[in-house]
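Two complexes come next, and they have one chain in common, chain A, joined by chain B in the first and chain C in the second.
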Partner chain A sequence: MAEPAMKQSDETGEIFDKGIDKGLARLTPEKIEQVINKVLSAETGARLKTYVNTCVHCGLCSEACHYYLSHDNDPKFSPAGKVKQTIWEILKKKGKVDHKFLKKAAEIAYTECNLCRRCAMYCPFGIDIAYLISVMRRICHMLGVTPLYMQDTAHSHSATLNQMWVKEDEWIDSLFWQEEEAQDEMPDLRIPIEKEGAEIFYSVIAPEPKFRAQLIYQAAVIFNVAGVDFTMPATPGWDNSDQCMFSGDYEMMGRLKKAHFETAMRLKVKRIVMGECGHAFRSVYDVGNRWLAWKMPPIPVTHAVEFYYELLKQGKIKITKKYDKPVTLQDPCNISRGRGLHEKARYVVNALCEEFIDMQPNREHNYCCCAGGGVINTGPPYKMKRIDGNRVKAEQLFAAKARGAKVVIAPCHNCHGGIEDINHHYGLDMELHFLGDIIYKIMEKPA
Partner chain B sequence: MYNLSTWDWETGKKLIADTGKWKDSFDWVEEPYVSPDGERIAAVVKTGEMEYSVCENNTPWESTFDKVWYLKFGPDNRLTALVSDTGVWTVAVDGAAWGNTFDFVWNTKFGPDGKNITVAVQKDMEYFAVTNDIPWETRFSALSNLTISHDGSRVAGVVPTIAIKQGDIFQFQEGCYSVAVDGKPWDVNFVNVWDLAFSHDGEHVAAEVRTSLYDYTIAVDGVLWDKIYTSVWMPQFSPSNGSVTAPVRIAGKWTLVQDGKSFWDRSFAQLWHHMYSPDGKKIAAVVASKYGRWTIAVNGIPWSLTFGDLVTDAVFSPDGNRVACIGKEGGKWTIAVDGKVWGAKYDMVWQPVFSPDSEKVAAKVERNGQYTIIVNGKPFKESYKALGEPVFSPDSAKILIKGIQEDSAGEKYFRQVVPVTEIIG
Partner chain C sequence: MHDVYNFVSGPLVWVSFIIFFGGCLYRLISMAVLAKKKDVFVYEYMSFKYGLRSIFHWIIPFGTVKWRKNPILTIVTFTFHICLILVPIFLCAHVILWKESWDIGWWYFSDTTADILTGIVIACCVFFLIRRIVLPEVKYLTSVSDYVILAMVAAPFITGFWTYHQWPGCKITGIVHIIAGEIMLAAIPFTRLIHMVYFPFTRGYMGSEFGAVRNAKDW
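Let's look at the complex of A and B:
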């Protein structure tokens, strides 16, 4: 969607979002109380109680949060501060909260926290504040108080099982189109569709066929050169993304992950390799599968970073000449803190690039891009808030640039979107690439 | 449903095609597909610059196309492909293209005897189904969940019935989707509609629907059950009494209900893919008996055997007394029958197949890139580079093995009929 939801804010800075505001207008105090208490009693338990009762309000989580740091240490933006303005208040008032409170709580939950889990590492007790904010989002979903753009994406997921309203024929046609384009470069290249028994199901997020089709092209070239036995499905279930996980529609999240894994089972693949997306990895590897009662993914899932690591380590792709522009690396939260892929990412970057300049902080301590957790999917009304909320990322990138970095590698779609906006707004003037962009550019290809 | 009595069940190994030589004849040879009776093997091949066809038993179709995909044999052994000629798409059956052309064609489905072939199509940005080259009269702005009746004569799909305005979340939540049966939509709309099921007589359709963002239930011919749930999975009609059952989520647990009323007396961490025995007397389902442990429940009673990774592809025996499924534990795949697991583990296994007398179970398995057939847990002595699904003879005494083997002279496709005793002793 290219248009803003509506007039975005007034002179007080209050942001208008039709999804939240119209949703609130439909609620009575009784309904609010009833829904909140139903969620709290039926869907939370020891975990919520433990976190709430354990927190000693020490504030050590504050320094972990990019919103807090970017707003000059404003305690309203500290993780504990955000919990205080949302879940704690709800618990204290036993669900008897008003519309004004809920509007603020929805805004905090959806647009002031990326669920990045950096704060959990700084909490002396390891409290997962992202979980507490997710409970707030779940309540908002159950009340019908969700940002319009994110809700539209959730609707797309429900109607098409992908997040971009891509119809069944459009998806298949996109694969044909990319195969044909790539055959101009490699005449024998193939994107095998519905090849039962292939080793790998290559899964992507819907923005790839919709806006970033060159990524499918590049992946096809990489896979064909490396001799990877892969396939892509011709059915819904091809999209691994999941904004329902972030809107709080867990029932739909489960439906999406069921379709995804059952597609892999139907195709008889040994594993799913997914493109450079962080949030989808979280959904497939951690949250969505578990909602369905799979302790781990029933079909193993390999993120692109790990897959590129394998291909390089095993010599399946070779580099003609290392990428010569100095690069830095954005560690995506969901695959570094969420999966520990940061060292493999460094192996890949060092194998591809002449000069690697690490950001500070880095690895699992890296700052979030501020787009993840569904925040970028709340759309234009919150765009500036998102950009203002990650001034520290701009500072972090400026520091890397001062040490020579000219290119940011971001192996995640949300990181890409977030850093692209920061790049333009703060005038960083750095190039931004996926790992696949660089591999495709410098790899050996058949003459 | 194959017409097994017309197939060649004479014991022996017959060379059907020298598939290894196809690569000498064509620049491009895709993975092969084998007919149910094993008499034919085919693959998409490139016959010239931007020109594709299908090579079948060493001979290419006379017709060529600028794109060919989704090669599928029907139950009657006819070969279908989705083909594009000068940018327009249609279905080719045994090389003969349908008369109608479309802007896109996908999702080929067959009736049980193969006579009815149905596809989803798009033309001028309108969507509809086509059966045997006869299109629906009604067109829609999208079509999904294409479903055919048990005899293949009727077709249903999920369609938008109201033009959905981009980004209008409130309109969407009022309900814009319905079910079209043979092109005629129900006169009721839902927020979402997903999997559909026809009754066994083809007269009724049940659908899993969402009537708000939170209320899930089943609609039968457009009429909602009077109970709502926090989620549902695909419904099924009973073959014996026409009632409808569906897995539903109540208070975070899954159970099976019938016509909106309690049915199974216990609930599970998960319950899906329920199925009826052929006589309709039993129901089996894939369940998670507890979080992270998967098994089969028959009439609500779970096997004591569980798997940690997954359970899938369950199937009833023809007499309805036995159930087999695929299980995966610790990354390794195997077969379980009636709650007992086969000892050997594999890198992949395919859906098990019962013999007509319900006594034997066979499955295609893969280990280290080699395929073979296992019957009652015992492997056939030969291995293959590629393999079709096994089929038992009508008397259950023989098994048809359709496999590609490679020797120094290259790859060859063989059709083998083997006495089952040769495998199980």
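Let's look at the complex of A and C:
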């Protein structure tokens, strides 16, 4: 995202965040204790207890974390180290913690962990540290101590059911606008709105109509060429993104997913196909549905990577000439560790590009972009922290570049935001694209 | 001395075994009940196939990326856990005690083998201790309880080793050995040693989530 690079901090490095600081100022020690214990007793149980009792403090999770690696193996940034500074302390003190502790805990939970779940693959016990950090976020949310920028997106979700304060008419207008633009290229192209009984409900995140409208254009071209029977809704519920899942506002997360699923039901579609976004996929496929007591989503959900895979495999889109710049691929956490789409992503990349150079490590073991888990949504105050926290990604990309890669394909909006910043800050000088960008560029289109 | 020996090798053994089995059972059941009450979805997502798939990879030395990345630790930790369980069960002196008390017996290690394996357990404990003191990421997580737990695990082996070699004070260490073993056994359900019991469930659950829901590997 294109936020200004300003750091709102003092000479000690303490970062001021109006959401966190003002939230804390409203709290009394009694209130803190009461809220924490309410969350712990009402919302946690066997999982929290078992995880805390099972952890043998072995430190094996450390090297899983990009923050730890990027800070020269500083133990404060290790996954268990972060749990020590948050949940362990809260349990030990039975919720009797002070403002200073909470400020640090909120910063750790919201800005030093992307909930990427890589550490679960390095802990021999499979302790879900992302869950433990989510509990900390939930406590912060219930205390009203959330980063200002993230809370703003949560407010937007709450008021508009989308993340970016997009009004209903603006949404519809954006679709018409992109349809019209694309009709210059393909005169009979349509973006069918509110088409009941269509095969597919194509859902996107609100930043697409807000600042990446060309992605809607590209998707429309791809879908029209491939003859896909799709529709997009005219009502709230079109946005699949979810910062409430990350801020800890689970009630709102539930409302968002309910609106999304109900929109699909109202349109009587057979499935939801989502744009190239990782966190939204996590919310719709894995987390939000659970809050609504759906073990799996009530309607099939397909991520763009899988959908492109289908289109290519079935020959519905054809390539004029393979993309000739050497590419590497960022495996987004929420669709590799979150859905195992890494092999399909490789099929798509190899089908589209002449030369593919894999990053190391890759697939489930890839490093997070450091933007996900809501971290990029904490905004300018924490921007440098996020970039410093992922030096290891820059090193990983430099290594891919040294082996010839000139382009990074990142099939996820957060990955884009994160890698864009890393690209500029560390002087990587690599191009960054979505899969859709490349498909649109090289596919056969009607003359 | 005989009275003390009879007491620690008689009633106290019963007590420790009852605490161990009863405690583990209690912890397991209470976890299951609490999960049913508060984390009911755990039951929904727990998958026998994917849970076992994950457990299987993690109990095989070098079966996971993590184990492969830290070869020394992997060798030490597997050797330690295997010896820790096998030595007490297949030690000749212990088998004799079972034979005398219950008239049941089974195969046992030769004394030399048992001696070497005991030495290995002690050496592994020293490795873990040094690791705790030296490695910053482990030191940061360490509290007094971690040293106490390590001492509890090492004590029966150190005292057993001492007694077997009949070094000075071996009569006392013999009794201390029995008590230390009983303390360790009784402590398992109520300390982080419970990881022995919880491992299949925590790993199995993560394996289930990764395998059945997320179509991904967790090793």
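Basically, the second predicted complex is superposed on the first by the 440 of 447 C-alpha atoms of A that agree within 3 Å, B and C clash if a C-alpha of one lies under 4 Å from a C-alpha of the other, contacts with A are read in each partner's own complex, and residues count from 1 in each chain.
The criterion applied here is as follows: contacts are C-beta pairs under 8 Å (C-beta built on N, C-alpha and C of every residue); 3 or more make two chains touch, one makes a residue touch a chain.
From a predicted model like this one, the values you see are computed outputs, not experimental measurements.
Look at chain A after the overlay: chain B and chain C fit there side by side. Within the superposed three-chain model, A:E251 lies in touch with chain B and out of touch with chain C [touch as defined at top]. When the shared chain is aligned, chain C comes close enough to touch A:G45, but chain B does not.
In the superposition on chain A, A:N73 contacts chain C only, with no contact to chain B. In the superposition on chain A, contact of A:K295 is made with both chain B and chain C. In the superposition on chain A, contact of A:T160 is made with chain B only, not with chain C. Applying the stated contact rule after C-alpha superposition, one finds that A:Y382 touches neither chain B nor chain C.
Judged by the touch definition given at the top, the superposed model places A:F281 against neither chain B nor chain C.
Looking at the shared chain after the overlay, A:F434 reaches neither chain B nor chain C. Working from the superposition on chain A, the chain A vertex angle toward chain B and chain C, CA centres, sits at 120° in steps of 10. The gap separating chain B from chain C in the superposed three-chain model is 7 Å, by closest C-alpha atoms. Common to the chain B and chain C interfaces on chain A are residues 43, 295-296. Of all residues in chain A, those touching chain C in their complex are 43-47, 49-51, 53-60, 62-64, 68, 73-76, 78, 80-81, 84, 120-122, 124-128, 286, 290, 295-296, 336-341, 364-365. Residue ranges of chain B in contact with chain A, taken from their complex: 27-28, 30-31, 67, 69-70, 103-104, 106-107, 120, 122, 127, 142-144, 166-167, 169-170, 172-173, 177, 191-192, 194, 210, 213-214, 216, 230-231, 249, 251-252, 269-270, 272, 288, 291-292, 294, 308-310, 312-313, 328, 331, 347-348, 350, 366. Chain C contributes residues 31-32, 34-35, 37-39, 41-42, 44-45, 54, 58, 64-66, 69-70, 73, 135-143, 146, 149, 192, 194-195, 198-199, 201-207, 209-210, 213-219 to its touches with chain A in the complex.
Residue ranges on chain A touching chain B, taken from their complex, read 1, 3, 5, 18-19, 22, 42-43, 141-142, 144, 148-149, 151-152, 155, 158-160, 167-169, 172-173, 176, 188, 190, 192-195, 197, 234-236, 249, 251, 254-255, 258, 262, 265, 268, 270, 292-296, 298-300.
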